[in-house]
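Down below are the structures I want you to see.
Common to both upcoming complexes is chain A, partnered first by chain B, then by chain C.
Up next is the complex of A and B:
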């Protein structure tokens, strides 16, 4: 799965998050930060993680969530790593 | 491990919290523990636990148990107790082992509606319904009820079940004190907690 494909899927998830202003989702890049750029409440990250799991058919473990960064590239890297882990 | 710890581990792996002392489950010290006993517990669904405010709890607050302390008591009875139990079962731990790795912390509190008040010597139950549990984060909805002073809560809740919990199907003698929604807590790794503090 290509990085851009993952970002597109991630954007679809973010559009379903009530606390994120859709206008802020225009021009999202890998460097975009959920907390500072999208103004996402940190309490929402767990909800985003649960939706990302569902969207990409993967399963995060506790440590993945503990160490999950708040930039788009962090989530993309994590999705790729968890997918690879699932294929081992 | 002592025999007592082995017994607790056996309960955690195969039983539930009814009859277990909250002091064994929670890290809170005596002045901050707002939990006396567990009366019903279905590990993945919910719990019923009770507390009776002390004179110390209402000191300097015109004889009333504070609303924020009701939220804390509810959280201890439900989120902290159930998440500690489930995390211990997942890791084959006793709570003392969790204390070395995690700190229980509030993440967020949703809507809370207060309907009544509690005084020292009153007795109340927290009925908690688990709505989310993943990645060491638990969310509970529920209610607090004042109960008649002479009631045997172990006997009253011995036939309780998940269906009755969801409908709050309980005695008319129980007085609704508070409704609580989306009470969210998480066990945070101590090294991350210290980093963020």
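Up next is the complex of A and C:
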């Protein structure tokens, strides 16, 4: 799965998070930070993680989420790593 | 002990009322003797599992709200969309249905009060709002996915706590209006609505706050309805509009309903100085406990002490007594006889708004307080709908040796109990509410003349 494909899927998830202003989703890059750039409440990150699991058919370990950074690239990296883990 | 303090005015009101588009619609329907109680198809769908199928419920659509169901957890209302754009999405994300009604009522109350943003966001502005039950609609599905389906705790999302915690309504209102003063919730079962207003009144009376958004509510919840249905305390066997029948001989239970009543209170002198419209002036609030160790059974002695507390030789004779009047067999008769014991057999009328919209539980006291304010505004007494036949014989408890109250049967007080709304001069209304645990509360509210 290409990184851009994952970002597109992630954007679909972010559009369903109603505490994120949709206007801020225009021009999201891998360097975009959920907390500082998207102004996402920190409590919302777990909702994003749960919806990402559902969207990509994966399940994070609790440790994965505990140590996840707040940038788009962090969650993209994690999705790729968890998918690879599942394919081993 | 009575203590002197500042006068407190009511300067705004709002809320959520079954079948009503707004407060004016609510007022029009009440004073034209209409019932807001309907058959609840959502309950009736459970067939013989439930006993009662009538309610004064409010749907999401009727409040201009739309549930967003979570894609990862079946039937879980992850959040709501305000189709009328009144509340920001960020605030909706932390609220259950009842909290949203509370926020809408707070906005309407502040608008009616005419408070500026600076006043609203002051350290001297508080929020005191509570509800009777937990956030059952949210909890039920969250728990199901964890306990029954064995899924991760995060499946229910990160808002299970803020959407269900006891003071969620106050917290959500406070986060919306950004006040900097007190934010708390008072819980006293079916006296919750009046209890919150009473506590808010005391905060202003004793100088701790200048303004308070206060009230109580109960969001529509089939889970809550089922709890009461299981107690066999709900009305059964009548058409919806005839189901709530306080004081009538054939009453057999209350109608479980839902709604929200929010008011804006302000130090009287401050409200007067800025030219605010004074809807009512709170003369006194008093609350106590039965002290007999009984969770449910009403106490005549407790209510006698309640009246002494709210009317301690202060000349506050009410023109109307807004009754708790639930339509339960013992509760109504003890309450009426305690009123007669305190006020005598004439010179006032009793009004039972639950006869028109049922028992709103945590919202009952505050919505009914709003009906008292409407009576002061309209100079009309609201009816005791369906109180058609009053018992011509003594109640069983009146025949016991331990009974110290009036000996006349309820039928002797027919003249006190109007079956239709009517006009009369009303300068003061007494408001009564009681709750499980033997808690009793009373408030006197007057016209500003």
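Here are some notes:
Definition applied: the second predicted complex is superposed on the first by the 88 of 88 C-alpha atoms of A that agree within 3 Å, B and C clash if a C-alpha of one lies under 4 Å from a C-alpha of the other, contacts with A are read in each partner's own complex, and residues count from 1 in each chain.
The criterion applied here is as follows: a residue touches a chain if its C-beta (ideal position, glycine included) is under 8 Å from a C-beta of that chain, and two chains touch if they have at least 3 such contacts.
Bear in mind the structure is a predicted one, so any value in this text is a computation, not a measurement.
More residues of chain A are in touch with C than with the other of chain B and chain C.
Contact with both chain B and chain C is seen for A:43 once the two complexes are overlaid on the shared chain. When the shared chain is aligned, chain C comes close enough to touch A:19, but chain B does not. Once chain A of one complex is fitted onto chain A of the other, the partner contacts of A:70 are absent, as it touches neither chain B nor chain C. By the touch criterion defined above, A:54 reaches chain C but does not reach chain B. Looking at chain A, you'll find residues 43, 46, 49-50, 65 touch chain B in one structure and chain C in the other. Residues of chain B touching chain A in their complex: 107-108, 134-137, 184, 189, 192. Across the complex, chain A is touched by residues 68, 71-72, 79, 81, 89-90, 92-93, 152, 154-155, 157-159 of chain C.
Put simply, chain A touches chain C in their complex at residues 16, 18-19, 41, 43-47, 49-51, 53-54, 59, 65. By the touch criterion stated above, chain A contacts chain B in their complex at residues 43, 46, 49-50, 60-62, 65-66.
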